[in-house]
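Note that the chains take the letters A, B and C in the order they are written out, and that residue 1 is the start of every chain.
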Amino acid sequence: MKRRYWITTLILAAMFYAVGVGSVAAKPEGTLTVAVATFGNERWLPHLYVGAEDVVLKPLWENLLSRDAKGNLIPMLAEKWQVSDGGKTWKFHLRKGVRFHNGIELTAEDVKFTFASIAREGSANSMAPEFRQIKSMEVENPHTITLRFDKPFVTLGNRVTQGLFASVAYIQSKKYIEAGEQAAERQPVGTGPWKFVEHVRGDRIVYEAVENHWRAVPHFKRLVFLKVPEPATRMAMLRAGSVDVVEISGEYVDELKKVGIRTLVMPNVSAIWVILGGQWPTKPSYDPKVPWAQPDAEKARKVRLALNLAVDKKAIIERVLGGVGTPVGTVNYYPADPWISDALLKPVAYDPARAKTLLAEAGYPNGFDVTMNLTAWPGRGFLPDVGEAVATYWEKIGLRVKRRPVDRAIFAADFRARSYAGVALAYAGPIIAPEPWELFQRISHTKSAVHLLVEHPKLDGFIERLGAEPNLAERTRIMREEMGPWLYEYMPGVAIGATHSIAGVGPKVGDWPLIPGHMGVHNWEFVTRK
Amino acid sequence: MLARSRDLPWFPGAILALLVFTALFAAYLAPQSPTAGDITAKLIPPVWMERGDWEHPLGTDRFGRDVLSRTIYGSRISLLVSLIAIGVAGTFGTLLGLISGYRGGLTDAFLMRVTDIALSLPLILIAVVLVAVSEPSFGNVILIVALLLWPRFARQIRGETLGIKEQDFVALAVVAGRSSAWIISRHIFPNVMPTLLVISTLQVGYVILLEGTLSFLGVGVPPPAPAWGLMIADGRGFLATAWWISLFPGLAMLFTVLAVNLMGDWLRDHLDPKLRQLGGRAEVLELLAPRPATPVADGASSRDAAAAGAASLRRDT
Amino acid sequence: MWRYLAGRALQMLLSMLVVISIVFVLTRLSGNPVLLLLDVNATERDQEILTRHLGLDRPLPVQYVVYVKNIFVGDFGNSVLTRRPVTEHIWERLPATVELGFVAMAMSVLIGVPLGMYSAVRRGSVLDTCARVFAVLGQSMPAFWLGLMLILFFGVVLGVLPAGGRGDFRHLILPAFTLGYFTSAAILRLTRSAMLEVLGSDYIKFARLKGLHEQVVLWKHGLKNGLLPVVTFAVLLFVQFLGGAVVTETVFAWPGLGRLILESITTRDYPIVQAGVLVLSALYLTGNLLVDVLYGYLNPRIRHARA
């Protein structure tokens, strides 16, 4: 089998050489077939898709901005943009001459229409709450649009960018959708490097390369997504050559290596930590008996520190996640971030003996009972495994851990009702926003709808200051020198580390440039043929 | 009539005896704890391979738990789930079947409609909903399996009861003024016993597989319990690097189910006097024998067995 | 006959109503789809908006009555997740489901009947034992495991069959075998005992006496008479396969109805779960009714008994 590949490759290489290298990149050829776990809800209008399925949507559309290899915002459909009024006003200048696949030119009206659709009542789009903050949108001319907010929205750029997980403010055609939503659903059009060909629900989505695309002409002629929910089947299909790319989570990396399959690593895309539920002293469901959230701040911190010391993060990253990750000392800080420092990066040492001593000092010489929720999030199937591993470590310092496998739907209600005081669970926050406080604003501000870390006046203060600070350099400083050290010291959860996401790729696939921090396979148009 | 020793089911008998022995003495047989693990000792291969060692003769799983010990303890779970679930479903289904068959009329019509509804539900899917309502637990698995099984018992036992009811000794008992409860417990129940035993045995294999199916769908016995199905499902993505995680519990399951099914077949051949000379199967007699009942009830009962048989396939497994 | 059919139809309708009620209650107990649809940063207001939009803000009894009323005009509502009519979703999945169910049934019969016949003819021989063990083996491993092994062997090692997905007929072979192999043991048993009975009958003895070729006796006279239970069984089997293939559909990435319902359960897409389960039980009940009618019609002895 292997030898045959070699021979084929050699012959192909010789042929290409003979034909001349110049002609290789010119025309898209061949088919790239991809097996993914989910298609999301398989809708195409801006207010109907959720966003987590961005892997299959991204080829068709484009955003106003994108991110470069260093993670900086760069132009995409917008050539340039200005922020004024301390972040309350955003003005975007659109590129001229960009056309949708049906030939209509993209204008500022399309941008306005798309954003309004996302924010519309009953919208399924996960960005709806954020786009509902827009106070007004003014179209100055066909290529300029101004967005205004009541409160500063200093990181709006991150919401309208291509290079992040679930960044789905794709610009769609107003004229086309208004001419008929039914037709727009059956045959969606976008401005992306791939145009829509076919969609068989629950089974496949087929795209075709746009030759002469303004930004990037794909190397492959066809891009086919197959929905294959079972990971073992995805891997088998890749090995059998039925597909060229599979979406897979970190625990399978060794499995792929063993059978000689190349893995594509998208580094540091998701921060894993163990949530210690109950740290919400102002909420009705607060339970002062929860050891790590008790009113005695010093004892509570000792417990949290002990829970951290008991866990060997490095072993978890290496053993449970197949080494596709980096241990980090601070929740939701990533190794390559500009706001990280060596001190924040360093994981809390693995020291079970000290953990035991601390527990005794806090008044729990015989440990205590704790429930570990084992809940799998879509695309993060390794979380129950991480929870299991942490539970085993905690048992070694004398805790009695009850495992509770819970369906995500059931837990979603617990999340909002904050009815999980005293419960621990492994969680992984994907980079939906590059700056850590943006996530904290959603999940650990006193006023946020859920609490996945901690509720604390000090943290509220950081979030509010950062949210009103339009200057990135100053925000970086606050995150590095104030918020990070505070989090490290307070230790609200058990920070495990930053994990990479991976994909298995077959022999047809050549180079694959990636955008850092982007969870899920992307940049289909840049994948070269081998 | 005693079967000749040559005809005795030696192979399934031996395997089942081994299974029961293992389940009873798991605590003494297993070299390690089935649930305690150390992730630094994960995925150690079986002893005969490179890196293998005697501490874990069949290797360790993804959490460093001993595969041999888990497989040994797994026999307990398989046996417990089967016994309890079949016990519950068998009792309930038999009771319903006896009442339905003996009373006939409206009672029968009503009970059989209920059975029909239970059979018509795609129960594997309902199981997923049920678990979503609560959470995966050992008790839930039993509940689901029992829900799946009782209609089969009810159907078959009712069919048998219909036949026995027509016999002279029942008529005599009625004439003698015996109560229905007395007749059912003294005359009918002993006569359906062989059938009951046969169906129960044949369901054991199905139940063991079902545990695996439920684990695959994430609604089975919750981890870290050492259930065979859970172990197989757990290792299914690691066949190239760690085939031993699912192979050994898989073999245990294979041999157990095979043995139980062969045993069930043998029992069928030998317990049912009607069948002995035919070497045939209950459902066929059910299907072919004309029933001394009204045409409508006849239509229903004649395919009872086939339906119950088909229901035994409602696995998706 | 017509009265009987009408009675059965009425019973079926009542059964369906019970099924609807059970599923309605169960799904409502199983969690709120709105919480799953919303992002973590959604506010209480966002939650209210979506709940109202999906019609989930009305009291449960009202939702129930509206739902049942709409079913009678063929409206099963819209999917919570995709907002498309549920009927569309179900129609889309039916072809794949029927295709797989039919081929699986055919495969089950193709494995079970010949093996059953020969094991009846050669009763007690090694062949009999082998045939029976082969069939029972199919009932001794979970379908997901058998399916994966087949994929690895035929898809990866030999590379002769596709590893998953739906396409030409070659895509059907492995999933259909996975489903059909399990049930072939039952077909084998049924065929075997039916054949044993038929072969012992005067009718066959007479055919043999006439000096007909043994194969002709077996296939033409024997099978024809022993086939009835197998045919009825196969119909029931087909109905079972329609809803009972969740795991096989998942392993082989087969876009069938079972998987649609399964996935809808995980997202708490109530309308799809309700309608899907309803359709499956209706199919089951219809299949059973069909078998009863056919059976009464085809089996001479039952006809006799009635006359």
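Operating definition for what follows: a residue touches a chain if its C-beta (ideal position, glycine included) is under 8 Å from a C-beta of that chain, and two chains touch if they have at least 3 such contacts.
These numbers come from a predicted model, not from an experiment.
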item	value
B-C or A-B, whichever has more C-beta pairs in contact	B-C
Chain nearest the overall Cα centroid	C
Chain A and chain C: spacing of chain centres that average the CA atoms, whole Å	39
Geometric centre distance via CA averages, chain C-chain B, whole Å	20
Centroid spacing, where centroids are CA-atom means, of chain A and chain B in whole angstrom	45
Junction residues of chain A, two or more chains touched	232, 407, 409-410
Chain B: positions in contact with at least two other chains	132, 236, 239
Residue list for chain C, restricted to those that touch at least two other chains	30-31, 144, 148, 152, 250, 266, 268
Touching residues on chain C, where the partner in the complex is chain B	4, 7, 11, 14-15, 18-19, 22-23, 26-27, 29-31, 123, 132-133, 136-137, 139-145, 148, 152, 179, 182-183, 185-186, 189-190, 192-194, 196-197, 200, 228-229, 232-233, 236-237, 239-240, 243-248, 250, 258, 261-262, 265-266, 268, 273, 276-277, 280-282, 284-285, 288, 291-293, 295-296, 299, 301-302, 304-306
Of chain A, residues touching chain B in the complex	231-232, 235, 251-252, 254-255, 258-259, 312, 315-316, 319-320, 374, 376, 384-385, 388-389, 392, 395, 403-407, 409-410
Residues of chain A touching chain C in the complex	35, 41-43, 48, 50-51, 121-122, 124, 126-130, 132, 200-204, 226-230, 232-233, 236-237, 239-242, 407-410, 412-413, 415-416, 441-443, 448-450, 452
Contacting residues of chain B [partner chain A, same complex]	36-40, 42, 62-63, 131-132, 135-136, 218, 222-224, 236-241
Chain C residues within the chain A interface of the complex	30-33, 35-44, 46-47, 49-50, 52-54, 81-84, 89, 92-93, 96, 144, 148, 151-152, 155-156, 159, 162-166, 250-253, 255, 259-260, 263, 266-268
